[in-house]
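Same chain, two partners: subunit A is paired with subunit B first, then with subunit C.
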Partner chain A sequence: MTSLLSVKNLTLSTTLDKKLLVDNVNFEILEGESVGIVGESGSGKTLTALSILGLLPKGVSQDSGEIIFQGKEISQADKAALQDVRGNRISMIYQDPMTSLNPMMKIGRQIQEAARAHNANDDEANVLKALQDVGIPSPESCFSSYPHEFSGGMRQRVMIAMSLLLRPNLLIADEPTTALDVTIQRQILNLVDEQRRNNAMSLLWISHDLSVVAELVDKVIVMYAGRIAEIGSVEEIFENPKHPYTAGLIGSLVKRKHQQKLISIPGNPPKPWTVANQCGFADRCAHVTQECRTSKPELVGEGNRSFACFNPMKGALL
Partner chain B sequence: MLRVISSRFRSKVVSVCTTLFGISVFVFVVLRVIPGDAITSSFGQDTSNLTPATIKALKSYYGIDKPLLLQYLNWLKGFVTGNLGFAFHTGTPVTTLTANSFPVTLELALFASIIGVTLGTLMGIYSATQPGGRRDFFGQIFGLFALAVPSFVLSTLIVAVSANKFHYFPNGYEYSKPWQNLSLNLQQMMYPSIVLGIAVAAPVMRTARSSFIETQEKDFVRTAIGKGVNERRVRFVHVLRNSMNPIVTMTGIQFGYLLGGAVIVEQIFSLPGMGRQILDGIMKREYATVQSSVMIVAISFVVINLVTDLIYRKIDPRIR
Partner chain C sequence: MKLEVRNVTKVYESNSKERTVQALNGVSFSVEEGSILGIVGESGCGKSTLSRIVAGLEEPTSGEVLISGLPRKGIAKFIRKSSKRPIQLVFQDPYSSLNPRQTVYHAIEEVVKIYDHELDAADTQTRIFELLSSVGIGKDLSHRYPHQFSGGQRQRICIARSLAAKPEILVLDEPVSALDVSVSADIINLLLDLQREFNLTYIFVSHDLGIVKHVSDSIIVMLAGEIVEFGSWTQVMDSPKHEYTKRLIAAIPSLENLKIKETGA
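Showing the complex of A and B:
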C-alpha cells in the first residue's frame, strides 16, 4: 500500500509566547488504512489533526514540519491548493455537532455548499442520497430544515453526510462521539466504520477512549504531553505495550470479566512546554530513572512499531 | 402556541403603553418646571409691565390658567383623538407642523442610516479581519474619530470647504421637498446625511467589529473553511449573517435617535425637521408643540423597536 498522508516533524506552539504544544510528531497513513490517535485532553491530538487541514485555531502556529498528502506538501501550500484539498480529498468531522453547523443556513444548502466549493455535483438528489446513506429518516424534510431542529446525533450524521459527499481519500474524525449520548455513540461509530469500508477511504480517528479506537482502527498512535509515546498495530498495543503510559491506559480500561478494581494512573498530565527536555510521563511513571528527568526519549523502532521510552515494559501484559 | 404569542404580545403592549404614558408625564412636568412660560417668552422683559388683568387674559388665551392636571388631561385627550393642539404664536395646528417636519427628519434618518450602517459594517469587518493588526488600527482610529468629532465641527468643515472652494451651497436655498424638486432635495440632504452617517457609522463599526471577531471564532466557521469554501464566502455568508443581530440592534437605536431630530445638524444645514420644531417649541414655551412632537418621536422609537424584532425573526431561524 502506498502512503496517503505523512506528517513529518510537526511542531506546534503558541504564537505569542512560543509555548510548546506539539513536539516533533511523525506518522504516516497508508491508503485505505485506519489510524487512531489516543491521548488525554491537552496531549495535542486535536491540534495535530487540525494542522493537517491548516485549521489551527488563532494563537497556535506551526513552527516546523511538513504535511505531505498524496506526495505534495500542503501545510506551506497557497490558499487555493489548500482549499482544493479541504472537503474534497480530506474531510473532517468535529467534536461538537451542536456548534459545528451554521445555525442560520438550511442543512441542504450547507451540504450543497461543500459540493459547490469544488464544482462537484450539487443536485438535490445527490444530497438527499448522501443524507439517506447516513441514516437520516426523512432526507427531504432534513434538506430544508435548520440545524436547531435536530438532535446532536442527527447533526453529527449530517456532518458525516457532508464530509463524505465528495468521496474524500481521508476522513479525519476528531472525537465525533464525545458530545453524544452513549447509545448514539455506538450508532455513529458503526456508521463511520461502514462508510469507510464502503468508500475504501483512509480514516484518522482521534479519541481519548482507547476502547473505541480499538474497534475501528488498524494502527494506534498514543500521544502524551504533546509527543508520540507509542505507535503500533491494535494487537501490539494491547498485547505488548512498550510505553508505561500505554500500559497504564490499557490497565485502566474497565474489564467486567475480572471484577477487579479499576486501576488509574496517579497524577495529572503535564503541560507540554513544561517537559520539553525530559520524558513527559516521568512524574507519573513507576519505572522512572534519573535519565528520564534529564533527557528526552526519542521515538525508537520502525515506522509502524515504535515507542519513546528509556525503560520500556518487558513481556506481554495480558 | 397561539396563547404564548398572544400573552407575549399583550405584555409587550402593556409595557409600551406604560413607557409612552411615563414619557408624556415627564415631558409635561419638565416643561412646567423650567422657568418662564408662554407669556414671558413672548413679552420678555416687558412682562413685568403687564397688568394683572392682562396677564389673566393672556393666561386664559394660552390655556395655562387651568389646574395642571386638567391641562394634562386636556392635552392627552386631544392627542389620543388626533388633535395635537396648536402652536399659539402662529395659530398653526401641530399636526400641520409635524406633517411638514417629520418627512424631513425621516428622509435624513434614512439616508444617514444607510450611509452609517454600510460604512460602519464594512469598517467593522475590515477591522475584524486582523484584530490587533494594522487594519484594526486604522479601523479603530476611524471609529474613535467619528465618535469624538462633534457634528457641528464636521458640518462646519463641510459647509466651509464646499462653499468656499467649490462655490457649492445647496443649503443656501429654501428647503425643497423631494416631490417638489428631487434633485435639489437630494443635494440639500447630502451633507447632513454624510455628517450624521459618520456619527452613526462609529457605534455600528464598533458593534460590527466585536460581533465579527466573536463569530469568526465559532466552530461552524471552521467547518465552512474545512469544506473548502473560499475566504470571501466564509466572511460574507457565514460570519456576516451570524453577526447581524447586534448590528441590527445598534442600527435600530441609532435610527431612533435620528428620528428625534438632529438639532444641531438641522440648524446648520437649515433643514426644517423635528429637531428644529422641538427646539423652537421649547424656546417659545409652545407646550402643545413640544409635548405632541416628543410623543410622536417616542412612538416612532417604539415602532422601530417592533421592526427590529421582526428583522431578528427574519434573520435568525431559531427565534421564528
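Showing the complex of A and C:
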C-alpha cells in the first residue's frame, strides 16, 4: 500500500507566548487504512487533525513540520491549492453536527451548495442517493427539512453524507459520536466503517475513548501531553502495550468484578509546555526513574510499532 | 433512609399551554438504604428531570416522593430545622458548579456553617479539612480557587461540598461524563469508597450503561419518560426483558466486541 498522508515533525505552539502544544509528531496513513488517534483533552489530538487541513485556530502556529498528502507538501500551500484538497480529497466531520450545519438553510440546499463549491455533481438525485447511503429513512423529506427538525444522530448522518458526496480519499472524524447517545453511536460507527470499506477510503478517527477507536481502526496512535506515546496495530496495542499510559488506559477498560475498584491512573494529565524536557507521564507513572524527569524519551521503533518510554512495559497485560 | 417514588408524572407546559412535554409518565420505584440505584437512558428520556424531582429542585405534576415513608413536602419544615439535609445532588459539570471567585476552603465553609453552625472556628476548620481529605484533596490546596484545579479534582470538591450537608442519599447526575477517561475511573473508585464509609444511598444517573452496571445494585432503564426495565443489576444485564435494554447492552463498547477478538489474533 502506498502512503496517502504523512505528518512529519509537526510542532505547534501558541503564537504569543510560544507555549508548546504539539511536540514533534510523526505518523503516516496508508491508502485505505483506518487510523485512530486516542488522547485526553489537551493531548493535542484535535490540533494535529486541524493542522492537516490548515485549519489551526487563531493563536496557534505551526513552528515546524511537513504535511505531505499524495506526495505534495500542503501545510505551506496557498489558499487555492488547499481548497482543492479540503473537501475534495480530505473531508472532516466534527463533534457537534448542529454547529456544522447552517440552521437557516434546508439540508438539501446545503449539500448541493457544498457539491457546487467543489465542482461536483449537485443533481438532486445525486444528493438523495448520498442521503440514502447513510441510512436516512426518507431522503426526499430530509432534502427539504431544516437541521433543527432532526435529532443529533440524523444530523451527524447528514454531515457524513455531505462529506462522502465528494468521494474523499481521507475522512477525518473528530469525536463525531461524543455528543450522541450510545445506541446511536453504535449506528454511526457501523455506518462509517461500512462507507470506508465501500469507498476504499482512508479514515482518521480521533477520540478520547480507546474502546470506540479499537473497534474501528487498524492502527492506533496514543497521544499524551502533546506527544505520541505509542503507535501500533490494534492487536499490538491491546495485547502488548509498551507505554505505561497505554497500559493504564487499557486497564481501565478491563472488566472488574461488580463494585470492585477500577484500575485508574493517579493524578492528572499535565499541560504539554510544562513537560517539554521530560517524560509527560513521569508524575503518574509507576515505573518512573530519574531519567524520565531529566530527559525526554524519543519515539523508538519502526514506523508501525513505536513507543516513547525509557522503561517500557514487559509482557502481555491481558 | 429509604426513598420511595410513587407514580411521579411531570408535564412541562409552554406559556400559552398550547404545547406540553410529558417528561415523566407514572414513574414508581424505591431504593433501600445503603444501596446504589443506577438510572440509564438516552438524552431526553427524563432521567435528569427525575433526579431533580428526587432532590427537590422540581415539583412533580402528580405523584409523590417519600423519604423514610414521609412525603417530601411534609418533612420540609422538619428538615429545615435539622442539622442536615437528607438528599444532596452532584452535577455533571464540575466547572460550572463552583463559584470561580471563592476559594475551595470558603466554598466548603459556607455549607459547614449552615449545618454545623454550633462549631467554633477551630472545629469548623477541622471539619473542612476532614471533608476535603475524605475526597483526597490535601489541606495545602484548600486556599486555591476552582480554576487552579483539574476537572477531576473539581468534581472531588463538589462531592466534598455535598457531603458537608451530611446527606444520606446522594443523587449523582452524570458525575463522570465531563471527565477524561483516566480520571473518571478514579472518581468512580472514590464514590464507591465513600458509599461504604458513610453507608450512603446513591442514585447514579448516567447514559453509560458500562459504568452504571459496574456501580449499581439495581438498575432502572428509562425510555421516553417511562421506566421500561427495573431489576437487580444481574437481572437487567443477564436477562434483559425490554428490546431497548438489549440494544443498550449491545452498544457498550467492550473488550469482547473488539476487532482483535473477531479476527482471532
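The working rule: the second predicted complex is superposed on the first by the 311 of 318 C-alpha atoms of A that agree within 3 Å, B and C clash if a C-alpha of one lies under 4 Å from a C-alpha of the other, contacts with A are read in each partner's own complex, and residues count from 1 in each chain.
One rule holds for everything that comes next: contacts are C-beta pairs under 8 Å (C-beta built on N, C-alpha and C of every residue); 3 or more make two chains touch, one makes a residue touch a chain.
Just so it is clear, the structure is predicted and the values come from calculations on it, not from any experiment.
Trainee: Are subunit B and subunit C a fit on subunit A, or do they clash, once the structures share the same frame?
Mentor: Aligned through their shared chain, the two binders fit side by side on subunit A.
Trainee: A:S41 in the overlay: touching subunit B, subunit C, both, or neither? Say first, second, both or neither.
Mentor: A:S41 contacts subunit C only, not subunit B.
Trainee: In the superposed arrangement, does A:I263 touch subunit B (first), subunit C (second), both or neither?
Mentor: second
Trainee: With both complexes overlaid on chain A, does A:A214 touch subunit B (first), subunit C (second), both or neither?
Mentor: Only subunit C; A:A214 stays clear of subunit B.
Trainee: Quick one: classify A:D84 as touching subunit B (first), subunit C (second), both or neither.
Mentor: The first partner, subunit B, only.
Trainee: With both structures superposed, pick whichever of subunit B and subunit C touches the larger number of subunit A residues.
Mentor: Here the partner covering more residues of subunit A is C.
Trainee: Let me test your reading of the model: by the given contact rule, A:Y146 touches which partner, first (subunit B), second (subunit C), both or neither?
Mentor: first
Trainee: Would you check which partner chain A:L253 touches, where first means subunit B only, second means subunit C only, and both and neither mean what they say?
Mentor: second
Trainee: State whether A:N102 touches subunit B only (first), subunit C only (second), both chains, or neither.
Mentor: The first partner, subunit B, only.
Trainee: Report, in whole Å, the shortest distance between any C-alpha atom of subunit B and any C-alpha atom of subunit C after the two complexes are superposed.
Mentor: So the smallest C-alpha gap separating subunit B from subunit C comes to 5 Å.
Trainee: Do subunit B and subunit C land on any of the same subunit A residues, and which?
Mentor: Residues common to the subunit A contacts of subunit C and of subunit B do not exist here, since the sets are disjoint.
Trainee: State the interface residues of subunit A toward subunit C in the complex, per the touch definition above.
Mentor: The touching residues are 40-41, 152, 181-186, 208-212, 214-215, 234-235, 238-239, 245, 248-249, 252-256, 258-259, 261-266, 268-269, 318.
Trainee: Once bound in the complex, which stretches of subunit A touch subunit B?
Mentor: Result: residues 53, 55, 57-58, 79, 83-88, 91-92, 94, 96, 99-105, 113-114, 117-118, 146, 148, 159, 162 of subunit A touch subunit B.
Trainee: Going by the contact rule at the top, pick out the subunit C residues touching subunit A in the complex.
Mentor: Per the touch definition, subunit C meets subunit A at residues 36, 42-43, 150, 152-153, 180-183, 185-186, 188-189, 192, 207-209, 213-215, 233, 247-248, 250-255, 257-260, 263, 265.
Trainee: Touching residues of subunit B toward subunit A in the complex: what are they?
Mentor: Going through subunit B, the ones touching subunit A are 217-220, 222-231, 233, 237-238, 241-242, 315-318.
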